[in-house]
Amino acid sequence: MDDDTRTARWERRAGTPLAVASLLFLVSYGVRILGEGLPGPVLDLSLAVLYGSWALFVVDYVVRWRLSGEGPGFVHRHWLDSLVVVLPLLRPVRIVRVYDAMQDRRQEEPRLPLQARVMLYAGLASTLLGLSAALAVYHYEHNAPDASIRTFGDALWWAVSTLATVGYGDVVPVTPMGRLVAVILMGCGLALLGAVTGSFSSYLMQRFARAGDDVGPPGR
Amino acid sequence: MDDDTRTARWERRAGTPLAVASLLFLVSYGVRILGEGLPGPVLDLSLAVLYGSWALFVVDYVVRWRLSGEGPGFVHRHWLDSLVVVLPLLRPVRIVRVYDAMQDRRQEEPRLPLQARVMLYAGLASTLLGLSAALAVYHYEHNAPDASIRTFGDALWWAVSTLATVGYGDVVPVTPMGRLVAVILMGCGLALLGAVTGSFSSYLMQRFARAGDDVGPPGR
Amino acid sequence: MDDDTRTARWERRAGTPLAVASLLFLVSYGVRILGEGLPGPVLDLSLAVLYGSWALFVVDYVVRWRLSGEGPGFVHRHWLDSLVVVLPLLRPVRIVRVYDAMQDRRQEEPRLPLQARVMLYAGLASTLLGLSAALAVYHYEHNAPDASIRTFGDALWWAVSTLATVGYGDVVPVTPMGRLVAVILMGCGLALLGAVTGSFSSYLMQRFARAGDDVGPPGR
Amino acid sequence: MDDDTRTARWERRAGTPLAVASLLFLVSYGVRILGEGLPGPVLDLSLAVLYGSWALFVVDYVVRWRLSGEGPGFVHRHWLDSLVVVLPLLRPVRIVRVYDAMQDRRQEEPRLPLQARVMLYAGLASTLLGLSAALAVYHYEHNAPDASIRTFGDALWWAVSTLATVGYGDVVPVTPMGRLVAVILMGCGLALLGAVTGSFSSYLMQRFARAGDDVGPPGR
């Protein structure tokens, strides 16, 4: 109970710095991947920011491990957190923790209905995940000899058509690493986007049901 | 409460003109895009109708803003309405408002079951959205040098196969603007179509459950 | 109430002949489409069976119209039945009526759980619809100059990959009529298959929940 | 009741050997398909393991048939088990039985929440099914004259993009047997993956709802 409280207090305090670090990580990763023509110092700076934010993620992981009071079982039991420390581009999938931290902060504000919150967070996580995947795929593909993903625009277009499960196939990864990124994007992204679709469908059903009640006799 | 009533009264009164204006907007947009060989006056007329109906949308937005008594926060809080004023082709996504306005009108008629209403409205909104996207994609694509969408028939075929998430990839947008339209269609359309599928599934489960009860012992 | 009973009695009596007629319709349609090398009399016979079963569908429609005691509004109110009389290949979508008729018949047998029934009927309807669509698409496509659907095997492969929303795009309809068939297949089939997936997911959740209860303390 | 207990006791005892046999079957099948350059004795051994584990499946089927005390109706009533005896590659779809056997074993451990269990088992079954399908498709395709699936990596990439219903179409089966494998993968895999998506969506809704309650007044 006490550990739980201390963990919760840590998450409240570390929430904003970690969110900023996540954005900085994504931006500096993007600069590293896309900024080929940029001057050297900018690239060096982005590399420093990249590793700096990654270091913050590791610190957060270690602190939470300590606070939990668990032994080596922590790595196994919080496998998603452990995976995200190794592959920081997957941070958007830790959507529930972000949501919890946010919810603690603005306790007093009027809250959105449940489905809108699910759509907002799952939609945001899908977007960030798609962006990360587009960057990674562009990195692995754009110099491959028979690549169809040649520009970052192609990579974005591929990421969106993959997340939506449309999969035109006009641009596809051809390298093993590019395909591995694609497999991860499909696995994580489809579940997230399915949550968006499902909660929108649920919202519509509920909204139509409520609207139907509104026009009914008031005594009902 | 009072503002709410005045807004509701406005929506009841403005509902039919706005629905007609939406159809006129779509038709005149279609004439502009497809009617290359039409005589000049017809094209001028369609342009006038296009801007006229758009002006009506703006008037409706401003009136609702005024009636709400809210300050600049209205733009942020009703972000979907604000977006639709800027991009009138997205009007079909305002499905819940259309549904509310319709429901007020024909209060006395026997109402469809909930799932049928969701399927009807979401299906209609998907159809109109697909039509708008086909027009816009045709506009941006049919003159592109290496386009695969060359006729309006291709554009319709592309829109349907995208909405259904089948995505054959035999015809795909290749220009940045065409791909932007596609991304918007995927985002809005898949959620709407997911609602159709979900409510049909729910209807079937309910219908089969009810039928099962009918043949069971009456005492049950 | 009395009309209802007479309609129900008609449906009980007409159920089996109509199911047989539906199968005969599909088989004779298949013979007409695929049986190019068959001797003339066989083709003539299949044409006779085709129109004979279609005539039965019309008779059934007219009888139910009469029994309902409704005026011309019947056509509008039972629009699905009206559509199916004009396009008999769409008969599989009338799944709920088939289910009702079947359920009346074998009242005494042990019944499957709800989700299994939904999966069974929706799966069967998808299969028959896919078969009809493959026949129709093969008919319109296999002689087109730049067709990719050249054999009936291609058409079946296309129908399955379309129903599953995979849509590889290696074989796609290119004629306007073939694409129209595809649009109808996507519209009807995806909803049916969505019902299969949804009810399987629901079954799994329920089964796992029940199994969890089984191992819990017996007093629960 | 007594038969039921004896069946349950058999399943508890046979669970682990059968799970091991399933893995051995998959591994030896993989060695047979992929191990073209391996020395003869290894291939002979893998063939022996293949048929040995298959024989175990048959023994398990026969024992359960005997224990059930049912006549030939057993084959029809347990059609999924009967099918899996003939096509052992489909064993992953018997997910509910595996789950039951597992649940009996570790009765005392803290159990995962319902949705996590569904995601775990359905996700595992999809993975194993996709692996089996990739092996089978590679077997039938990689020597076909106009094949696009030439390496096992291609086959894995094809299986993942098919299971996710993305279906790029850059690599597709072209032989009749390869397409048959694909049809089975679509049929079984999509339902399993739909269960993963659906239970994740349900988990997210529940988690967000609970989190919302946590920040509410404690008296609620």
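Letters A, B, C and D mark the chains as written, and numbering starts fresh at 1 in each.
Quick note on the criterion: a residue touches a chain if its C-beta (ideal position, glycine included) is under 8 Å from a C-beta of that chain, and two chains touch if they have at least 3 such contacts.
All values reported here derive from a predicted model rather than from experimental measurement.
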Least hop count linking subunit B to subunit D through chains in contact: 1
Angle of the C-alpha superposing rotation, subunit A to subunit D, to the nearest 5 degrees: 90
Subunit D against subunit C, contact positions shared by both copies (same if over half, else different): different
Centroid spacing, where centroids are CA-atom means, of subunit A and subunit B in whole angstrom: 29
Sequence positions of subunit A contacting 2 or more other chains: 165-169, 198, 202
Subunit A-touching residues of subunit B, taken from the complex the two chains share: 95-96, 99-100, 103-104, 107, 111, 114-115, 117-118, 121-122, 162, 165-169, 172, 174, 176, 179, 182-183, 186-187, 190-191, 194-195, 197-199, 202
Touch list for subunit C against partner subunit D, complex: 153, 157, 160-161, 164-170, 193, 196-198, 200-202, 204-205, 207-209, 211-212, 214-215
Complex contact set, residues of subunit C against subunit A: 165-169
